[in-house]
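The structures come next, written out as structure tokens.
You will see subunit A twice below: alongside subunit B first, and alongside subunit C after that.
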Partner chain A sequence: MTAGAMRITIGALVVVFGLVIMGAVAWLTLSAEGPEQPIEFMHSVHVEQNDIDCQFCHRNVETGAEATIPAVEQCMICHKVINGENPKVTNPLHVAEIAKLQAHWENREPIDWVRVHVMPDHVRFVHAAHIKAGFDCATCHGDVGSMERVKQVRSLNMGDCVGCHRENNAPTDCTICHR
Partner chain B sequence: MRRRDVLKLAGTSGIGMGAAVAFAGCGTPEREFHIQSPVDIPEDTVTGLDAWYASICQDSGDGSGVIVRVKSGRARKIEGNPDYPLNRGKTSARTQAALQTLYNPDRIPNPMVPRRKRDSSRYRFMRWDEVLPEFQEKLSAASNGGIVMITEPVNGHLGMILERFTQNIGARWLTYEPLEKAAVRQASSLVFGTTRVPQFDIANTSYLLSIGGDFLEGGDSPVHYGRAYGNFRQGAGRSRGTFAHFDTHLTMTAANADEWHPINPGTEGILALSIAHAILDGRAVPAALQPLTGGEGNLEAYAAEQVADATGVPAEVIQRVAHDFAAAPTAVAMGGGSAAGHTNGLFNMTAIFALNLLKNNVRQKGGVLLNAPSPLEDIPAEAPVTSFQDWETFLNEVDNGQVPQVLLVHGANPVFGLPGVLNAASVLGRIPYIVSFSNVLDETTALADLILPDHHFLESWGTSVPPLGAEYATLGIQQPVVRPYHQEFDGAAGTRAFADVLLGLAQTLGGPLTEALPWESMRDAIRASVDELQARGEGSVTSDDPEVFWLSVLQRGGWWVPAESVSPAAPDLSSLQVAEPDFSSDAQAYPYHLVVTPSVLLGDGSGSLAASPWLQSTSDPMTTGVWGTWIALSPKTMEALGIQENDIVRLTSVAGSMLAPVYPYPGIGEGVVSVPLGQGHEQLGRYAENRGDNPLRILAPVVQEQTGALAWSATRVRIAATGRRTRLPRIEGITAPVQMPDEKTFQITNES
Partner chain C sequence: MRQAAEGQEQDTSKPVTSIGRRWGMVVDLDRCTGCQACVVACHAENNIALNLEDVVLQQRAMNWIRIERYWEGEYPNVKARFLPMFCQHCNNAPCEPVCPVYATYHNREGLNVQVYNRCIGTRYCANNCPYHARFFNFWERDLEEEQREYLNPNVTVRTKGIMEKCTFCVQRIRKSEWERRHADEELQDGDVAPACVQACPTDTLVFGNLEDENSRVAKLAENKRHYRVLENLGTDTNVIYLKKVDPHASETAPAHAGAAANSGRNSA
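This part shows the complex of A and B:
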């Protein structure tokens, strides 16, 4: 192999390796399926089939920085009656998962959900400001209502935030988010 | 396949090595991906909001009052507590970066023991109930005088607990302060009659004279003095103050002065007496200051013309500064820094402080304010400091066979800080059982047979009596603002607060120890003191209900009360000896003075500040250097030695040698070399390890005559090129200056 051909081969290998890495990064960050959760909670059942508003459970999204994960007690408001003993609940998967929830409530054990959306500590993201500006939850989170398992649909990295702020004439000072 | 599985696979398979390398750096611990549903709907609280908790910052070196923003159980931001008398809402870079010592990936998460004795490369994690019984047994067996406790100088409740613990268990308590301030403390005691270093009221003075006092970057509290300095220059309702500064090199403090004059090392006291001579202007020396005359009865030997050569300060400068100092409506003279680290440090400091007696400004606004004592009698405001001489004696004893059975270490790193010739590592290594309470693997902890990691200060209880803030007698309260990052979880043992471990031992060991330390935890001890304060019915918080009082005190970050006027003893300089500086070796073989400077970011290198990437990557204010050590040389010296910028040179003293690249610094005298402290760690985790060099190691073990402290400014060195070069990472001077089209350029030249 001539030196020139070798250089081209090495160059090609580097490019291929780079593409593989980039593909892997894209796949890892925006994978097809969200993480497994301790309870197979289905947004699709709650939102799509039963038409419950996001804020019925994520109740601080209009007032606080975080949308907040509902307390077990909040789930039990409905699931006291919507459980395996209710003749309308027939899907065995649903019965089994509601039983897990009831066990948490009876044992007074918090549920350790696996986080899907994580903002770094140096970012101060406030849900309330975005909801008040009229954005729909789906703008950032995608159509969670139709998801069986929640997954991240946007990169939500700094470029993503700044791009959206620019499009909507929102401030892009560093200290808007980093303070 | 899920992405988590991919990461796991990548970590274990050969094929995945590339991906493992690519992603390991971005890794977040698995449990950080958890978010909890609480069991009950929180009533009365809106979750998901920021909560600000008041506490005390231990990383700042002065115990600044802070408020910490906590969201979702994580500390996100630290700001100054606007109420706290010491710093009134201001913070330093160190305080801001304390989040990184909290979430430092190299923190020790569990108790651990080395797999092989004195081998710091491999450890076995243990549970607390596995290690504590053996530890207690060893303590009981050694309690008749075979225990040595080494800590940082610590006040407040931890100081009280350490004092009672060591006294009642029969242990020897040594505290370690790398750049000893013994001369400053003793001079305060001689001149102002109090052992606490006073507060120089910069904020309200009109003329500030500082001889070596590096108050904006070193000293007792750069944050406090930084705020006071702002007021001094631009305060509302006052005219701009004037600031004259004398120091061996251009420190950040010097760069802020109206005039800075380089001075020959060790002659600071002579300069002060010369200024005194000019102020007196023929009048007799007051009786209190007579000892400064060295038996002459007058200061004629210190006339400006007589000392100009010795000090390197022109006679007319001395006369003008003396005139300005005397004529100003209020003036204050402060000292410190390297002036206090000479063999004649006590003389230097006393002569400088005595200028305030000539101005008659003690306990006057704009003069010298005396700090109030601790608000509680049994809670010390000052920590006892073991002098270098005593450290030398202790190490000699161990070396000669008087080996204690147990050594306990917390918060101090003598192996890193003591001069290399003392061989602290090998001498301390002879002690058969060493227990460290550090939560990072530092050089001293690397010797330990058992490591019982302490909580971070943001996770634990404590108190602080601030070093300054003379208007109030203050007890600052440090409360946990987040749950311990390494807590008992999923089978992990987690960290435990040092004070709680000591109090637990006091409970189980019984006898006088239990009586002296009756509390089950640090929180209980603080609560008992706070109840005492509540009974007084005065101060920043008052309430008839102890519970309301307790919560309000925590909310405010402490309790303080306007200080009663402190009545000091009269100045008594009779024990003072007028002294010339003495240096480690002859000027022929070692022609340059070594000045080690505490970094405003990394301090003196003790503690774990160097493990913070934020502090490492923040530019040094004078040189813009980051992530390393440099040797600042005057361009004239460089020319004489034929050395270029970025050449790696070797500094050699009688005690050892160090390597670092050269930084050309016009703000330094020809005979002086300055090296910043803070780097040169062999341990301390990924961000600090093997970075730069440690000048403390090459300090000659010269003792200050009257205080027994280390004369850390008394080392002379020689400089030799190594022929190697490197590029010191810094911001200044890495690109050519750019002429902005619409900005005029001013060039400063010597021509008038």
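This part shows the complex of A and C:
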């Protein structure tokens, strides 16, 4: 084998190895469980079992850039009664988590939820514009309703966003997202 | 980007636009009192770093908009002239072709766009800008946790090593756009006001769509006092200045605001 061929072979190996590592990182990121939250809030209980609409809690999604995480106050609209005045939940795991929420309410402390979908600072995403265009929450967020712990299901990198914008004939000017 | 590539094929003597919208501003110098409200508003809106003394002394101060001050005439007939200066969003922008990574380009709305995540900080654009409207981030922002709360969440905090400049508050343009779209309406004249326009107490700055003949900005741009700064360079700017009306002009040496702008910078 000549020195040139040797170099090309080594180069190819490095590229393949790099691709494998990148693929593994991407796979691990997407398949890993979501981050641990201060309260084990289960979307599956609220959406799948009790059939609550996404927008009942994420109220700003139709009008603003952020979908917004509900305040403790908003959780208490239901939980003042559910396992407050009316202790009908018996699953000890659920009872403990609801008790944590009620403690936050009584101590007047907000909950430090861990952010799952993190965008870089130079990207601006507007929820309302996408909801207005008729997209379902699940298009980007996956079937959150059946998740016990929320995790990111789509890469949501620039290629992902631009690909979808092109498919749907949405604007692709840089200033649409980068401001 | 696709739009920009289309733009390159177009006749360069015409504004690069194809959607019936070209954002522009009219600055009526007869109204400007040099109060610097626009400067303050711009700093607050766009998360611009504070210019502390050492930074100013190094001539690295960042002001997306600044009030240039010129003295005119001889003592005792001295007059102060103010000229708000910011990115002119040139249709033939000297900064655009020199960028090796295409971080600055002209979009279809006539905006000269700076894409922060593409910029690698060669500073060619700033060297080529005749208006001194581009600023380089020499330092990382050193912000305390509390200070982060003061930032405008709709504007990127620029990191060290990249170029920045006036965006015509593109975040506000986008906000007005989707608010109107949300109500199934068209964007109206006067919907969008960049921070400087909103803050201006004397209505010196007027912002709007220059392609729309009925917009306030297009009508003002037709005023016979209109001129563009450094017009002889052929930059074909989207910012149009209206010359100051001077009832005593004949008493002092003949002065033209455009000529004054050429006679050397004298930052206020």
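One rule holds in what follows: the second predicted complex is superposed on the first by the 151 of 179 C-alpha atoms of A that agree within 3 Å, B and C clash if a C-alpha of one lies under 4 Å from a C-alpha of the other, contacts with A are read in each partner's own complex, and residues count from 1 in each chain.
Here is the rule we use: a residue touches a chain if its C-beta (ideal position, glycine included) is under 8 Å from a C-beta of that chain, and two chains touch if they have at least 3 such contacts.
Predicted model, so just to flag it, every value in this text is computed and none were measured.
Aligning the two structures on subunit A places subunit B and subunit C in a clash. If you count the residues of subunit A touched by subunit B and by subunit C, you find the higher number for B.
Of the two partner chains placed around the shared chain by superposition, subunit B and subunit C are both touched by A:A65.
Of the two partner chains, subunit C is the only one that A:K132 touches; subunit B does not reach it.
In the superposed pair of complexes, A:K88 makes contact with neither subunit B nor subunit C. When the shared chain is aligned, subunit B comes close enough to touch A:H104, but subunit C does not. When the two complexes are overlaid on their common chain A, residue A:R115 makes contact with subunit B while staying clear of subunit C. After overlaying the two complexes on the shared chain, residue contacts for A:E36 are found with subunit B alone; subunit C is out of touch.
By the document's definition of touching, of the two partners only subunit C reaches A:T175; subunit B does not.
The single stretch of subunit C with clashing C-alpha atoms against subunit B, selected from 1-9, 37-45, 91-99 or 109-117, is 37-45. Shared contact residues of subunit A with subunit B and subunit C: 63, 65, 121-122, 124, 179. Within the complex formed with subunit C, the residues of subunit A that make contact are 63, 65, 120-122, 124, 126, 128-129, 132, 172-176, 178-179. Looking at the complex, you find that subunit B touches subunit A at residues 2-4, 6-7, 18-19, 22-23, 28, 32-42, 46-50, 71-72, 74, 76-77, 99, 103.
The residues of subunit C lying in touch with subunit A in their complex are 1-3, 105, 107-109, 111, 113, 115-117, 154-157, 167, 170-171, 174, 178, 181-182. Residues of subunit A that touch subunit B in their complex: 17, 21, 24, 27-28, 31, 33, 35-36, 60, 63-75, 104-105, 108-115, 118, 121-122, 124, 127, 179.
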